[in-house]
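You will see subunit A twice below: alongside subunit B first, and alongside subunit C after that.
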Partner chain A sequence: MVIIINISDIYIFIPELYLTLTVFILLIYGIFYSTNKYYGYPILSKNFGYLVVITFTYILFLIINTPDFLSTYFPSFFFFNNSLKWIKTIFLLVGICYVFLVISNISLEKLNVFEFFLLFILSILSIFLIISTFDLLSIYISLEMLNLIFYVLATIRRTSEFSTEAGLKYFILGVFSTGLLLFGIALIYGCIGITNFIDLSLFFQSIMKEKSILEIPTDLLLGLVFISTAFFFKLSAAPFHMWSPDVYEGTLTSIITLFIIFTKITIFFLFINLFGTSLFELFNVWQKLTLICAFFSLFLGTFIAFAQTKFKRFLAYSSINHVGFIMIAVSSINYNGFYSLIFYMMIYILINLGIFASLLSLRNFRNYKFNHQIRYISEFTILSKTHPIIAFSILIILFSISGIPPIAGFFTKLIVFLTCLKSSLYSLVIFAITISCLATFYYIRIIKIIYFDNCNVWLIYVPMDKSKAFVLSFSVLLLTFFCLNPNLIINSIYIISTIN
Partner chain B sequence: MIQQNYYLILGIIMFLFGIFGIFLNRKNILVILISLELLILAINLLFITFSVFLDDIVGQVFCLIVLTVAAAESAIGLAILVVYYRICGNISVELINLIKG
Partner chain C sequence: MSSELVLFYCLASIIIVSSYIVISLKNSVFSILFLVLIFLNAAALIMMLETEFLAILFLIVYVGAIAVLFLFVIIILNVKLSEFYYSIGQYILIGSILGIIFLVQTFLILDTNIEFHFLDNIHNLYPEWNFEVYSQSNIEALGSNLYTNYMYVFILAAIILLIAIIGAIVLTIHQRGYVKRQNILNQVSRDFKDSVYYINKIVK
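So, the complex of A and B:
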C-alpha cells in the first residue's frame, strides 16, 4: 500500500477540503465570540445557520464547476464521477432546505449551542465521503465519522431524560452494528486479502467464471452476510429495526429530521456502491437477504404502525415501510433498479421535508414562555380549523406517501413495481401492492382525525414562520404538480443515474 | 497454519463474548460499553492475524485506524453515560425503559 497524493487528487477533493477549513474557521469564530465578555456572551445559533447557508452556496459553485471525469483519488480510497457530482449537489440543496427548516425552531426548542450547526456541516462532509468511498477501509472511516457525529447530535439536549436515553440506545446499537461491519470486512480481507472495490469486482468476476456459487469459501459468504446485516442495522430495515422508533421518539424533532432525511439515503448509496459494483457477482446471495428484509420491513412497518399513538414513532414505522420499498428497488438488480432507487429517494426527501416542516411548526402554545412540540396523533384533532393550510399540506403529503394517483408518491411506487416486475419478482410485487393498500388505512386515519374529529378544547399553535413555510410550500407544490410534467423530472433523474 | 487457526478461534471467541455480553447483560450499562470495546478489539486481533499470515500490510493499517476510532467512540460513549447518570442517577440496564412503544 503506497500512498501517493497527486495534485489532481486534491483538485477533485477541493469541496471537501473547503468544508473542513470552514469547520475550523467557524469553530474558532464561535468559541471566540460565545465566550467573550465584551460582546456579552452572544448566542450564535441563528448566525451559524445563515453562515452554513452561505458555505453551502459556495460549495455548490465549487461542485458544479468540477470537471466531468471518472477517476479514483487518494490511491483509490475514493472515487468521483459525474452522477456523484449531481448527487452531491442534491445533498447540498437539501442541506440548505434543512437549515431553513430548523433555524427558527432553535430558539423555540432552546437549542442554544452553536456546535449544532458545526456538527451539521461535519455530517454533510462525512456524507460526501461516504457516497464516494471506493475501499472497505474508507467505508469504515467515513461511516464511523457520520455515526460519531450522530451520537453527539442525538444527545445534544443534555438536560432531557428522553434525549440522553435515546442517545445511549443509539450509541450501543450503532457501535454493535459497526462491530458487525468490521467483522465482515475482516472475514473478506482474511479470505482474499483485497479491500479495494475494483479489485474485489475483478476477483469475483474471474472466480465466478470458473466456479459456481457453492464453491466459494464460506468465510467469504459469511463476511458478506455480516456486512449486509450491518447495513440493515444502519438502515433500520425490519428485523433490525428495534432501535429506530425509540431513538426517533426521544431525540429532538429537528435532529430527527436530519437522521431521517440524510442517513438512509447515504447508506443506500453506499449499499449500491458496494453491492452493485464490487460484490455484484454474488447477487444470488445478497438479493435473498435484501428480499427477506424488504418483506419484513413492509410487513412490520405497516402492521406495527397501526398501534402507534405518538406521531414520531408513527413516522419511524412509516420510514421503515419506505425502506422496504427502496429495498425492493435494490433487490431488483437490473439497471433500472438504481434509477428507480434514486427516484424514490428524491420523492422520499421531498415528502420528509414537507412532513417535518409541518410537524416542526405545530408547537402547542400555552403562554409566552411554554410551548411544546405536539407528540400524540390525537392532538391533531380540529387542525383543519385551527391551521387550515398545514392541515391541507399534511393531507397532500400523506396521500403522496400512501400512493394516491395524481400525486408524486404514486409514480415512485409505480416505477419500483415496474422495475421489480422486469426482474420477475411477481409474488413480492403482489405482496407489496397488498401491503401498500393496507397501509393507506392508517395514513387516511390521520386525515380523518385532522378533518372530521371533534374535540372541546382547541389547541392554540405558535404561528408558522417564513422559512418553514417556504420549505413546506416547496415540497407540497412539487409533490402536487409533479403529475403535470413527470417526464421532466424522470428524465433528469434518469440522466443523473446513467452518466458515469 | 495451525497457529493461525488458534489465533482466529481466539478472536472469534472474544467476538462472541462481546456479543453475549451485550445481550445477556442485565445489570450495568458500563459492562455493555466494555463488551462493545471487546468486540472491536477481537476484530483487531483478527485483522492482525490475517495481515501476518497473508503477509500484507493493509490489515495492520486497518487495525491502527480501528484502534484510534474505537478510542474516540468509547470517549463519546462514556460522555453519554456520564450525562445519563447525571440525570437519572443510576446506570442500570433494567431502568432504561422511559421510551417504549
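So, the complex of A and C:
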C-alpha cells in the first residue's frame, strides 16, 4: 500500500507545520538554557514571550500568503477556506495582544516556568486545528489537545490550593464532557458509519427528502444530543455552567484571560461548523437545545451575578451571560446568524482584552515588597482617585458590556437581536432585552463603587507597564470610536464570515 | 438458548454484581480488586465480539495501568477504611427513581434488544476456512488503517502525548538552585592524577 501525501495538503498546512516545528525548537532551547549552569540557570519566561511574538508575526505572513481556495486536506480530516484564513489571522493578532498583556504579570505572579508560553503556542496550534476540523474523529483529537493544555495551565501554580482545586475540577468535568462527546460520536458512527462532515450532510439531505424527522433512528438523535451537550459543557452554557466560576476563581488571572478569550470563540466556531453544515437538516432538534441553553444562560448568568463579591466569579457569570447572547445568534438559523456570532465574538474578545488589562494591572502593594492581585469588587472603591485612567477604561468597558448606545457593545446586541427577529423568535428577543436591562444594574453598580463610594484607606498600585497600557488603550479606543464608522468593521466582519 | 447467550448473561451479571460491590465496599483495596474483575469480564465480552486486539488493549490499559495506579495511590495515601459513613437509605429513593427513569429512557431509545444486537455479530460455530485464511487479522486491519488513512490523526495523538509529557514535567519538577546535583560529565572527565594533590601546589 502506497501512502500518497498530497503536496497541496502540506502547502495549506504550512502555518501549523511551522508552529509545531517552532514548539520543538523552543522546547530544546528552553531546556538547554534554563538548566545550564554556565549561564546561571536563567529565567526564560519573558524571553519566551517575545519569541512567541516573533513566531506569531512570521506565521501571520505565512497565513496571509496561503492560497485562496476551498479545499479539504489530509484525507478530509481538515478543511480550509478563505474565511478561516482571516479568522486565523485574528487569532494570531489576539494572541500577540495576549502576550503583551501577560508578559509583565508572569514575573509579578512569579510564574517562572518557560513552559507556560510553550503551552500557549501549543494551544494556538490546537485552536487552529479545531477551527479547521472537518471530521468527527479530528474534533475529538484536537479538542482533547486543547483541553489537556488547559488542564495543565489551570494547575500551573501548583503550590496554591486554589489553583490545584480549580485544575482538578476543570479536569474532571472536562473529561466528563469529553466522554459525552465520544459517546455521541460513537452513537452516530455506530448508526450510520460516517464521520466526515460532507458525508454527514449528504446523508441527512438525502434522508430528509424521503422521511420526516420522526422516522430518523433515535440513536442518531441521541448522539446529536450528547455531542451538543458536550459542547455546552465546554462553553459553560447555563445548565452546564457549574464548573466555570470555581475554575475562574482558582486559576491565575493571566491564565484565565487565555481561557476566556480563546475557548469560547473556538468552540462556537466548531459548533457552527458541525451543526451548521453537516447536521443542518436536523436543525429542528438542535435549535431547541440552543434555545433552552440561551434562556437558561441569560437568566442564571444575570441573576447569580448579583450575589457575587469576587470580581473573577463576577466575570465568569458575565461570560455565561454573553454565551446566552451568542446562543441566541446561533439559534436563529439563518445566514446572518453566523456573521452576527463572529461580530459578537470579536467585540467580546476586545472587551475581555480591556477588562483583563485593567484587572491585571490592579495589583496593590501590601508592603514595599509584596503585591497581590485585587480579588473583591469592594476593593474597587475610589479607584477613580487612585488610578483614574483604569477607572475610566473600566467605565467604558462596563458600559460596552451592558450595551449603552454609542459604544460597540450596543451594536453587537443590536445585530444579534435583528438576526433573531428575522427568524421570528419574538418572545426570546423580548426576554433577552428585559434581561439585558436588568443586567445593566450590576454593571452600573460596579461603576458606582468605583466613582461614588468613599473609603479612608487608599490603595497603592503597581505602576502599569507599557505593553499592558498598549493593549488597554487599543481595546478602549476601538470600543469608543467604533460608533464613528461602524460600517467599516461590520462590513469587514461580514466579508470575513461570508467569503468561502 | 445458545451457548453464546449463556456466556453473555454470565459475564454481564458478574459485571453488574461486582460493580455494585465496588461502590458498596468500605475497604478500597477490595473494591479496586472487584474493579479489576469488571475489567476482565468486559474484556471477555469484547473477546466474544471477535475483536481480540481491543480486548487485550482493554486489559493492558485498564488492569495493567489504571487499576495498578489506583492501588498505588491508595497504598501511598494509606487510607485503610473509607471515611464516608453514609446511610444508603438517604439516597435509595431518589437514586432508584433516577435510575429507573434512565433505564426506561434508554430502553425506549435503543428500542431493539441489546443482547440480540450483540449476538448478531457472532459468527456461527463452524469456522469458514476460506474466510479465515484470506481475511486480515484484527491487528493487521487496525494497523493498516492507522498508518494510512488515519495517519494525520495518529501524528496529532503523538503531539498530545508530547503535551502530556510537558504538562507532567511542569507540574511535578520543582527545581531549586541550592540542591547539589550529580554532574556525570564532571565525574567522568575527572583525572585520577589531579584528584589527589598537595596543598602547596595551589600555593605556587
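Just so we're on the same page, the second predicted complex is superposed on the first by the 495 of 500 C-alpha atoms of A that agree within 3 Å, B and C clash if a C-alpha of one lies under 4 Å from a C-alpha of the other, contacts with A are read in each partner's own complex, and residues count from 1 in each chain.
The definition used in the following text is that contacts are C-beta pairs under 8 Å (C-beta built on N, C-alpha and C of every residue); 3 or more make two chains touch, one makes a residue touch a chain.
Keep in mind it's a predicted model, so treat the numbers as computed, not measured.
A.B. asks: In the overlay, answer first, second, both or neither for which of subunit B and subunit C A:168 touches.
C.D. replies: A:168 sits against subunit B, while subunit C stays out of touch.
A.B. asks: A:137 in the overlay: touching subunit B, subunit C, both, or neither? Say first, second, both or neither.
C.D. replies: Both partners, subunit B and subunit C.
A.B. asks: Looking at A:96 after the superposition, I want to know if it touches subunit B, subunit C, both of them or none. Which is it: first, second, both, neither?
C.D. replies: Touch partners of A:96: none, neither subunit B nor subunit C.
A.B. asks: Output check: A:401 vs subunit B and subunit C. Expected answer is one of first, second, both, neither. What do you get?
C.D. replies: After superposing on A, A:401 lies clear of both subunit B and subunit C.
A.B. asks: Applying the document's definition of touching, compare subunit B and subunit C: which contacts more of subunit A?
C.D. replies: After superposing on chain A, more of subunit A is contacted by B.
A.B. asks: Quick check for you: in the superposed arrangement, does A:360 touch first (subunit B), second (subunit C), both or neither?
C.D. replies: After superposition on chain A, A:360 lies in contact with neither partner.
A.B. asks: Based on the superposed arrangement, let me know which partner A:41 touches: subunit B (first), subunit C (second), both, or neither?
C.D. replies: In the superposition, A:41 contacts subunit C only.
A.B. asks: Name the contact category of A:155: first (subunit B only), second (subunit C only), both, or neither.
C.D. replies: both
A.B. asks: Scan A:129 for contacts with subunit B and subunit C and give back first, second, both or neither.
C.D. replies: Second partner only, subunit C.
A.B. asks: Please work out whether A:222 is in contact with subunit B alone, subunit C alone, both, or neither, and reply first, second, both or neither.
C.D. replies: Only subunit C; A:222 stays clear of subunit B.
A.B. asks: Residue by residue on subunit A, keep only those touching subunit B in one complex and subunit C in the other, then list them.
C.D. replies: 1, 137, 141, 144, 148, 151-152, 155, 158
A.B. asks: Which bits of subunit C are touching subunit A when the two form their complex?
C.D. replies: Going by the criterion above, the answer is residues 108-111, 144, 147-153, 156-157, 159-160, 163-164, 166-167, 169-171, 175, 177.
A.B. asks: Using the touch rule from the top, collect the residues of subunit A that touch subunit C in their complex.
C.D. replies: 1, 3, 20, 27, 35, 41, 74-75, 77-78, 113, 115-116, 118-119, 122, 125, 129, 137-138, 141-142, 144-145, 148-149, 151-152, 155-156, 158, 218-219, 222
A.B. asks: Name, in rising order, each residue of subunit A that touches subunit B in their complex.
C.D. replies: 1, 137, 140-141, 144, 148, 151-152, 155, 158-162, 164-169, 171-172, 175-176, 178-179, 182-183, 185-187, 189-190, 193, 195, 245-246, 249-250, 304, 307-308, 310, 313
A.B. asks: List the residues on subunit B that touch subunit A in their complex, please.
C.D. replies: Touching subunit A: residues 8, 15, 18-19, 22, 29, 32-33, 36, 39-40, 43, 46-47, 49-50, 54, 56-59, 61-62, 65-66, 69, 72-73, 76-77, 80-81, 83-84, 87-88, 96, 98-101 of subunit B.
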